[in-house]
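Okay, got some structures for you below.
Both of the next two complexes hold chain A, though its partner changes from chain B to chain C.
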Partner chain A sequence: MSGWLGKIAKVDLSSGQQEIVPIPADWQRRYLGGRGLGVKLYTTLCSPATDPLAADNALIFMTGPLNGTVMTSGRYQVISRSPLTLTICDSSSGGSFGAVLKQAGLDGLIIQGRAKSPVFLAIHEGKIEIRDAGHLWGLNTQQTQRAVIGETDRKASVACIGPAGENQVLFASILNDKDRAAGRGGMGAVMGSKNLKALAVYGNREVPVANPEAMKNLTARLDRIVDKNPVTGKSLPVLGTSVLVNVMNAHGMFPVHNFRRGVFNDAEGISGEKIAESLLQRQSACYKCPIACGRSTKTNNKQGEGPEYESVWALGANLGISDLAAITEANYACNELGLDTITMGGTLGCAMELAAEGVFPGDFHWGDAGSLSSWIEDTAWQRGIGAELAQGSRRLAEKYGRPEAAMQVKGLEIPAYDPRGAQGMALAFATSNRGGCHMRAYLIGPEILGHPVFLDRFSTAGKAEIVALFQDISALVDSLTLCRFLQLAVGISTFTEMLNGVTGLDFSDEELLRVGRRIYTLERSFNVQAGFNRRDDSLPPRFLQEKLPEGPSRNRVVQLDEMLDRYYAIRGWDGNGVPLPQTIETLGL
Partner chain B sequence: MIDHTELSAHSGEKKITQLCNEARTFGFFAVCINPVWVRTASEKLQGSEVVVCSVVGFPLGASTSQAKAFEARQAVAAGAREIDMVINVGALREKKEDLAGSDIRAVVEASHPALVKVILETCYLTDEEIVSGCELAVAAGAKFVKTSTGFGAFGAFPDHVCLMRRTVGPDIGVKASGGIRNFKDAWRMIQAGASRLGVSASVAIVEGLSLLQFAPFAWLEDEIPCHICPSRYASLDKQPKAVYAYYKKKCLTCRHLDMYNRFYE
Partner chain C sequence: MNVAERIVVRFYSILRLRLKTERVELAVAETTIKELLHLVEQKTGQKFLAELLDDAGEMLMGTIILVNGKNIRLLKKMATKARGGDTVDLISPVGGG
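The block that comes next holds the complex of A and B.
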């Protein structure tokens, strides 16, 4: 069938055994690929009781039917149970790894077991070779990628972990194609727990496309749509994702000092505009991407990629740090060591708040840019106080008796949007299946950027419907394994057109949205079985009780309960957030 | 319903070709372009139902009537079936109805058999002047009145569209244009009485529409009236002093002021 190669491999690192996993005929239609098919596979292989860092846990690398064909189709998804949150988790990354994995002959790869000693996998022509990685253990992600490319193929795309993953830091990430990261949820720790240092993929296999002429016309149209869209055509290419610094600050929802304030006085100095004029070397783009939001940057001491908006906030304003060079180098360090910048910054923010209150023994002060890189280094190697930071903010705050100081949902640190300034975004954070994440439903689109239309950000009316819709669309796009920035420019119909053009099938918009809803509900069902319920669909008390002190979001708190009941009703879940039997049945789960 | 529009100074043949392709693909009513591209667009759209619409006296409306008529005649000869002319805004504001009316009539006559839409450029007008402009256009034989060029202080607002519809009645078209960027903007204009939309973000509107079918009521929740009121966008830099003062005065006496004054914090 066009689009899919029909080949998902499974490797048991304990025994070295490999097999091709047979996929039931209807799964591709019902779960597509990427996140959807990955979650479906995961839930059949592992139970909600599986220890994320145990050998029997599965780590799944998945592509979707569009990888290697249309714009932004270089992405891939990593699916497993998160050691940080204990929810089901998928983490997405850009670059070209997803496209090259298919060119190497696989739709996806399931990894179970634990190698006796460090290994890496070389994947080519649909075959998987397990190679020794003892000499790579301890190398950072950049060194690892260079070494693995040297040992395999100069055109190989490499996904790997750094020291943080090796040391099973709970928010370790997986890096590929230099600095693209599957950042959230600690997928790097799962990889490290398997003694798996890297995956190298290379090959020239063409991905079959059912209707090349239709795809050519669609691509020409998409180029213009993306180019004409003010966000994908101007803001992101010119200023990168950090264009949001000034935007969010102007709305009074750019979190400062662990979300105690929403306006950062030094925002201009760490903005996308400032990065463009002081650090930017060139734009960088993922596979077949016309947007090119990536930033290749250089400080006086180092060069690398980023920082992205979330990172410049997490390692900057959130900690009261306005030294852009220090933030940028801290971001480089996170990339090299393999750490999620959002959770790193969120955890440091929590530590600083605890220290300011005198309940935390570390020498942490707001605005201490000089210590930033050493804290990050200590965390990756689990040295000294770093071993406590390596557990994430929730465990840290609980240990010191102040759980409310952790700005997290379900254990995952909330990113750079103060939910008090956007009620829909607040609901999206609270109900996200993988915890405090902006990517499950990016309500900043309608509430701040006006895409597809402006919605009143302080109103709760209609937000439950929109959050559920966006979550379903996001699950869909993650399963097609395309970049979510495309969502800012195109609607569901275009995704349907892409899928039908590549696969030759006849999906309707409604069917695709139902696929998204099915995936979201499947994830929810797994979480419910793992013990999550309404209690976990909440936000830190700060957002529900403490009003923002200043700025355009002044005096606001989140009105969560009134939205949550409506959200459950729309989802077909009971009052405790458990999918009702008829919902499960309707979605064919 | 949609005039797929590309009127920027820097548009070249490549963009016009793409515009025509999109109009064919999505079935837009017309492409609205500068006169220099009318022949090109007519050729590109041969065999399709998409109409070519040219602007005249654009964007200031300050050319002589003869120049506007000549421009219109040439556009029609090149294949335009609709002409969007800009009214003599200065004459209208000074209540020189004869001058403004004869200007429109000259273009209507020169454009035959193409239909003429009269752009009032509402951002420079009070409500009274908008009514007067509509009446002049209808009397001069125009088949449509249109809100804006997209180059003025602001574009279309539902209040203005509603006023224009009330003035011209059901038999004359009302085209809303300028600042219509998404399906909600479009929906508002249609609700207010627009029978045609001039949009450069037409494809984005269609893309967005595929979301509207899901959770429609949530997307179309009532919103703060100030967000869609011309008074909020009045600008002393961009508008005549008297018009600016007119809109600000409306704002101060607005019935919504008490409820929504939080937006003026």
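The block that comes next holds the complex of A and C.
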């Protein structure tokens, strides 16, 4: 079949055994690849009783049918159960690793077991070699990538963990292609629990395309569309994602001091516009990406990638820090050590609030830029107070008797949009299958950015419907394993056209939306079996009870309950958030 | 100039790079957004409306114009009034996340 190679391998690191996993004939059509196929495989291999850091947990690296063919198809998904949230989790990363994994001969790789000592996997021509990584243990992600490339192939793409993953920090990330990160949910900790330091993929296998002429024409058309679009053709390449700093601040929903305020007086100094005029060296792009939103940057002391919008907020405004160079170097440190910047910043914000209240023993103060890098380092190595930070904000706040000081949903820290400023985004945070995440349904699009339609951000009307739709579309795009930024320029019919051109199949837009809905419901069903229900589809009391004190979102709180009832009804779930039997049956789950 | 007699207009994203300034102040007691954009063009000496509007003068998808933090799409769009003492934010289409 075109698109998919039809080869998913499984490696047991305890025994060293390998096998090709047979996939039922209809799974590719019903789950596509990436997030969808990964979650389906995970739920057949593991149960809600599986300990995320135990040897029998599965860690799945998955591509989709489009990887290596169309624009932005270098991405991959990592799927497992999150040690931070205990929900099902998938984490996405850009770069080229997803395309090169297919060029190395695999659609995906399932890893179970635990190696007796550190190893890395070299994957080439569909074969997997387990190699010693004892000499790599302790290296940061950049050193590791360089070393593994040196030991395998100069064109290898390497995904690896840093010290944070080795030490099983609950929000450790996986880095690939220098600074691209599968950041959220602690997939790096799962990798570290398996004594797996890195995966190196390299090869020249071509991904079969059913209709190359049609794809050539489509690509030429898309190049023009992306170039002409003011966001994908101008704003993102020139200013990157941090262009949102000033925009969110102008709406009074740029979180400051652990979400106690929504306006940051020093926003200009950490904005995308400021980064472009001060630190930016050049744009950087993922595999076959015409947008190039990445930022190669340099401070007086170091160079690296970023910071992206989420990171400049998490390590900046959220902590009351306005020193752009310190924020940027803290971002570099998170990348090198292998830490999710959002959870790192959310946890530090929680610690600062607890310290300000006098209930936390650490020496933490709002605006302390000078200590930022050492806190991050201590977290990655689980040293001193860092061992407490390494557990994330929920566990930290619970330990000190102030669980409401953790700005999280289901244990995952909420990113850089105060939910009181956008009711739909609030519902999306509350109902996200992997916890406080903006990428399950980016309601900031319609509620703030006016894309693809404009909606009143303070109204709850129609928000349940659009959150459910956006969740389904996001699950679909993550399963095609393409970049979400493409959605700024094209609609679902373009994704259908891509999929049919590459695979030769006859998907309709409706069928693809149904695939998205099936995947989202499958994830929800896993979470329900793991004990999650309506009680967990909530937000910290701050957002439900405390009004924002100033700015254009002043006096707002989230009106969650009225949206939640409607959302469950649209989803075909009962009042406790459990999918009804007829919903399960209709989706063929 | 008295605060009540001036409108502060702030620029973000590509628009700021195009105009090479963060803001201008207009000595106007009251005007519509449509008129205000033309006044800004006169003041800056730069034709920038294509960054925000289509050929018919309507806002492009993704253009954000705020008067004191409130989106004019929820007010009277281009006919929305701005008055002395107001702050108007002009944001050419952006994305991210």
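One rule holds for everything that comes next: the second predicted complex is superposed on the first by the 589 of 589 C-alpha atoms of A that agree within 3 Å, B and C clash if a C-alpha of one lies under 4 Å from a C-alpha of the other, contacts with A are read in each partner's own complex, and residues count from 1 in each chain.
Following the convention adopted for this analysis, a residue touches a chain if its C-beta (ideal position, glycine included) is under 8 Å from a C-beta of that chain, and two chains touch if they have at least 3 such contacts.
Since this is a predicted model, take the numbers as computed values, not measurements.
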Chain C versus chain B on the shared chain A, clash or fit after superposition: clash
Which superposed partner A:G450 touches (first chain B, second chain C, both, neither): both
Which superposed partner A:D509 touches (first chain B, second chain C, both, neither): first
A:L175 touches, of chain B and chain C: first, second, both or neither? neither
If touched residues of chain A are counted for chain B and for chain C, the larger one: C
Touched partner set for A:E465, first chain B, second chain C, both or neither: first
Which superposed partner A:S242 touches (first chain B, second chain C, both, neither): second
Touched partner set for A:A9, first chain B, second chain C, both or neither: neither
Which of chain B and chain C A:V312 touches, first, second, both or neither: neither
Chain B/chain C common contact set on chain A: 450-452, 454, 456
Interfacial residue positions of chain C with respect to chain A in the complex: 10, 12-14, 16-17, 22, 51, 60-64, 66, 68-71, 73-74, 89, 91-97
Complex contacts: residues of chain B adjacent to chain A: 18, 21-22, 25, 181-185, 200-201, 203-204, 206-211, 213-215, 217-219, 221, 223-224, 227
For the chain A and chain C complex, residues of the former touching the latter: 230-232, 234-236, 238-244, 246-247, 250-252, 268, 272-273, 276, 293, 308-310, 438-439, 442, 444-445, 448-452, 454, 456, 484-485, 488, 551-552
Contact footprint of chain B on chain A as seen in their complex: 220-221, 224-225, 228-229, 450-456, 459, 461-466, 468-469, 473, 489-494, 509, 513
